[in-house]
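Just dropping this structure here.
Chain lettering (A, B, C and D) follows the sequence in which the chains are written, and residue indices restart at 1 in each chain.
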Amino acid sequence: MMKVAIAGASGYTGFELLRILRAHPSVSVTTITSRQQKGVRLDDFYPAFKHHYDLVFEDTDPEKLADQSELVFTAMPHQASMEIIPALLARGVKVVDLSADYRLRDPEVYRQWYTEHKTPELLGEAVYGLPELYREKIRKARLVANPGCYPTSVILAVAPLLRRGLIDAATIIADSKSGVSGAGRTVSLGTHYCEVNDGFKAYKVGEHRHTPEIEQELSVLAGSNVTISFTPHLVPMTRGILSTVYSNLRPGVQKSDIDKAFEDFYHDEHFVRLGADNLPVTLHVRGSNFCDLGWKVDPRTNRCIVISAIDNLTRGASGQAVCNMNLMSGLPEHSGLKEAPWQP
Amino acid sequence: MMKVAIAGASGYTGFELLRILRAHPSVSVTTITSRQQKGVRLDDFYPAFKHHYDLVFEDTDPEKLADQSELVFTAMPHQASMEIIPALLARGVKVVDLSADYRLRDPEVYRQWYTEHKTPELLGEAVYGLPELYREKIRKARLVANPGCYPTSVILAVAPLLRRGLIDAATIIADSKSGVSGAGRTVSLGTHYCEVNDGFKAYKVGEHRHTPEIEQELSVLAGSNVTISFTPHLVPMTRGILSTVYSNLRPGVQKSDIDKAFEDFYHDEHFVRLGADNLPVTLHVRGSNFCDLGWKVDPRTNRCIVISAIDNLTRGASGQAVCNMNLMSGLPEHSGLKEAPWQP
Amino acid sequence: MMKVAIAGASGYTGFELLRILRAHPSVSVTTITSRQQKGVRLDDFYPAFKHHYDLVFEDTDPEKLADQSELVFTAMPHQASMEIIPALLARGVKVVDLSADYRLRDPEVYRQWYTEHKTPELLGEAVYGLPELYREKIRKARLVANPGCYPTSVILAVAPLLRRGLIDAATIIADSKSGVSGAGRTVSLGTHYCEVNDGFKAYKVGEHRHTPEIEQELSVLAGSNVTISFTPHLVPMTRGILSTVYSNLRPGVQKSDIDKAFEDFYHDEHFVRLGADNLPVTLHVRGSNFCDLGWKVDPRTNRCIVISAIDNLTRGASGQAVCNMNLMSGLPEHSGLKEAPWQP
Amino acid sequence: MMKVAIAGASGYTGFELLRILRAHPSVSVTTITSRQQKGVRLDDFYPAFKHHYDLVFEDTDPEKLADQSELVFTAMPHQASMEIIPALLARGVKVVDLSADYRLRDPEVYRQWYTEHKTPELLGEAVYGLPELYREKIRKARLVANPGCYPTSVILAVAPLLRRGLIDAATIIADSKSGVSGAGRTVSLGTHYCEVNDGFKAYKVGEHRHTPEIEQELSVLAGSNVTISFTPHLVPMTRGILSTVYSNLRPGVQKSDIDKAFEDFYHDEHFVRLGADNLPVTLHVRGSNFCDLGWKVDPRTNRCIVISAIDNLTRGASGQAVCNMNLMSGLPEHSGLKEAPWQP
């Protein structure tokens, strides 16, 4: 059994990692850390794990983490991650970072959208952990930057079309809708039940920090700089992201070209399910690592509308992180990720 | 007290009419009809109205309706409305039609998206009941076509920009999200609690019947034919529509032009509230006739993103219908519509 | 127009007071206070009130409150209320207190369940503001203790049966279920959307502070000391309380006795609606001051099961407070409370 | 791999069986049947299962079912089950019946609450499938009657107390609250999203068909006839049942007796988790086979209040059915049921 640790395990992505790893046949969680919950038993803090884990939250000490594990998931806020990752790597431990700290390759872009980067020298080494795009690099990586939830849903929606040049990259608009767990477990008025229930809103329009992350990867796929409109919305539900991604077809492109691009690109991908006209629904992927994709070509406007559905905590965070761990460790890619989605 | 009747009062828009009219100081509901509930007391069918109404559902007979009322709200499915409206008008009764039957001015467009129209001769006479656009015509109308819920939210979002030519009409994309009451009270798997709760989906992408209605009105505003992308989504909530409307700025247009267009257009409108940077939230308009508008100009993409929030049953149907009734009857426009929104 | 003020207006009961009073024909809100929001415009803090109020939160100063109003609603936490109420009364201002400070007549019971009382001398004067039980006393009161939400739902459910001696008071069990707004607007993990949504739990079993309040009033009705079991539960919804109240029938009591007791007791009460076999549903009272009651007599167990439904923010707090204000001020009891419930 | 079939697989319990069995290491689902969906691919009907199953719904023919499987889950409505079970048993196939047809041992009680029983001769043979009570009998059974969801939650809550004679059986009141999936997938106004969302109600008070099932098992535990009050309620959530069970302590019984009874009874039970003062929450068991129990002894009323939480579709139906299959087939009891609950 491979020993792994979770640094910052008291939030929702930490919990989701623990839930998934519990069913993983080749991995054992040896250590969980949390600054605030130090000394608290996991199953007291989170009774759902009673009869499943016998763990106590420890302080977040990179030395101890390195002693007790071969791979560490860092599920802490950005900035906190980059404070311990260099020490972990130095001790020979592999890292899957669920924060935003190593997703942007350009430290100047990081500075603009977040803050000054403390270890820019690692940015070139970190691999962006979207297996459908970087599988081979992930296999060899010692540091994987696990993608953001929104970027996962948007990038997978248009990757085949951009790579094949079927759409005009300058016209991409991603209108995304997320469940509340994406805001994390920290209390705030914005996640108060009565402020969310039976309501709907957009937020951070044109300013969300996932924008440069999406643009970075779309630019790679397009082979040139891409700027997009990205609008996140808050849905009164716990889990799930649905992204509706609009773009104009390049001249001469037919619906059959679009269909074929998706088929070719995702043909062998277990975790991407193509529905074509059967549009995806977040309930159909809940609790799973799937990204469901559907699309329409609208002849009236000559636009392609791609719709993607993921579970923001699984494919958008911890499930993808486990998939990356599998790849980095030579384990079967789907190991621990075989459960069917939760419905109803 | 003006006598009014509701034909097809057993659905959600019928209920909402009854709720609003209960608080109206100058109107008395004399008759409610329903083919299926004929003979049933309103407060047995809908216990919320106990101690409020002493009415029994009657059969939908235009003669009786005309005898017992000066104005009829037709809250029936499309096709059913146009079967009784001519007889009502012939008897000198005014009509606010909540169905889609008289919204499209071109019978050929109606045929394409719905079915053959039975009374195309009335299409020219019917006034599209969006007071901010057609107030004076509504005052004189005997037949008002009450706008659809999605069209209300989209048209109000871009009317000022199109009228002033600030945006490129060919780039308009309306991404709309609606609560479940928009699907009506008829049972179906699509509205089963367990198929909706904690999930999110798009539907009828590129095919929704509200598309030609939106385009008709945007074309009038733009002064030329407008074709848009319109995508409806289903939100796990009962009431509310939020529309996120994207468009490219025309060359040279500044944010201040956009701001000024909204200010000028809606300055005297009680039922439109401008938030500018304070983006609208559906909970803030619930149960009211308000349309809240907010917008961002994104310098990175040169796009304007307008967000509108309405209650689909109030501003998107029955509240607007009462507003139209007020205008048609010489009553104060806000009569019966002065309650504050419901929050939390 | 009578001038009223709201001390502690930034919470949900404050908002609900403002919503109701907006539609009240004889009252004008002159002053709202909030320690935390001092200086903030009401419609900035709570955009739903835009176009409705032109008020700014002020500091909670009893002198100012007394200068600017004839009646003050104190919608503050317990303890805070009793700090300003004596000064208000001394200035000749009437008070409806929405906190628990003046609900218990015995200062020793207050001490046991809350803390030491600072003005025990006022406990004898304060009238318990349940109009169905204390209407005449309320009319003459200068200080009304507005009942708790759970107590309102439980007391109204068994009052007719206890007064007539039809049930064994020692067997009363009240199993109550409340929406989340009952927990107030303060943020906490317990009201985080993801901790509430799609879940259900009991809390404070056998320890909830509303227990002595219920027992005090049931004892008055029974004419002897009553001790009950009371269990509150949290429902994933915003508004509403449903209480299921069990008790054993006294020997010889028939279903017809129970029916008659309810009929006789509530015959002239506008705000209590009797459904008998048609059991109440919280959705049917949402946003209204109604208490809907239904009951079953179970011949198998010789028990009576009464079910009551109220809106916890309206009948359980602010609606009842306005009703009390009406009574104290010689206004019609239903003034400002005539709207139909919100459904769907 | 053991071959199993599911008769009536298109409802929620059928789906839940398929979800659980997908993760079962020793079982293969060979056949699924549905009268209405005959010929439809499972992953068309239920896209969540894409990439998981390659099955088509077949007609419900007992001969075919017997040919293709060693054990059949009958997940059909009552009456439909007893039409095919005799033929299955005659062909040597074991059966776990999820309907109510074989839960009541007395055909006269079945007749009273349901209808005439067609195979009363099998009632004596069928074993009530609650492993904590009948584990050894289940191991040897060829027909297991899988318990109802409410009965599972109520029986487990008081079994230790009744068996030890700590409570007065005549005082038992079970107040139960269930998510909407308990009503099944069939469409009806009662499960329409807008009729459920943000509301709460009781239903079938004193008349629910699970009452005799609960009483049958409590009578066995008490050693004498037990009659209870049972009240089901509908919670606006998809999954979960929480039962609050009240009873009076027998004279002289202390809290420590209650604690010890629970400890002793459930000490070795993996699927029952005792929280004592930490009261259970349905979210903590979602998607799992756990039954979480907590309890309070209220010295003021001398009552014991036990609270139990289960997932109605897992422990209350399909999870328990798989557990029974495991026992009947000599497989480890927890096989396929090791996943952690779903939270958030």
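The rule we apply is simple: a contact is a pair of C-beta atoms (placed from the backbone, for glycine too) under 8 Å apart; a residue touches a chain by one contact, two chains touch by 3 or more.
Bear in mind that the values here come from a model prediction, so they are computed numbers and not experimental data.
For the interfaces B-C and A-C, the C-beta contact count is higher for B-C.
Rounded to whole angstrom, the centroid-to-centroid distance between chain B and chain C, based on C-alpha atoms, equals 36 Å. Chain A and chain B have CA centres that are 39 Å apart. For the pair chain A and chain C, the distance between mean C-alpha positions equals 46 Å. For chain C, residues touching at least two other chains, in rising order: 12, 181, 185, 194, 197-198, 236-239, 281, 283, 286, 344. If touching chains are joined by edges, the resulting network of the protein chains shown connects every chain directly with every other.
On the chain C side of its complex with chain A, the touching residues are 12, 180-181, 185, 187-189, 191-194, 196-198, 236-238. Across the interface of their complex, chain C is touched by residues 173, 175, 177, 179, 194-195, 197-203, 205-206, 227-229, 231, 233, 235-240, 242, 244, 246, 279-283, 286, 296, 298, 300-301, 303, 305, 307, 309, 344 of chain D. Residue ranges of chain B in contact with chain C, taken from their complex: 12, 15, 18-19, 22-23, 46-52, 181, 185, 197-198, 238-239, 270, 273, 275, 278, 281, 283-288, 290, 292, 313, 338-344.
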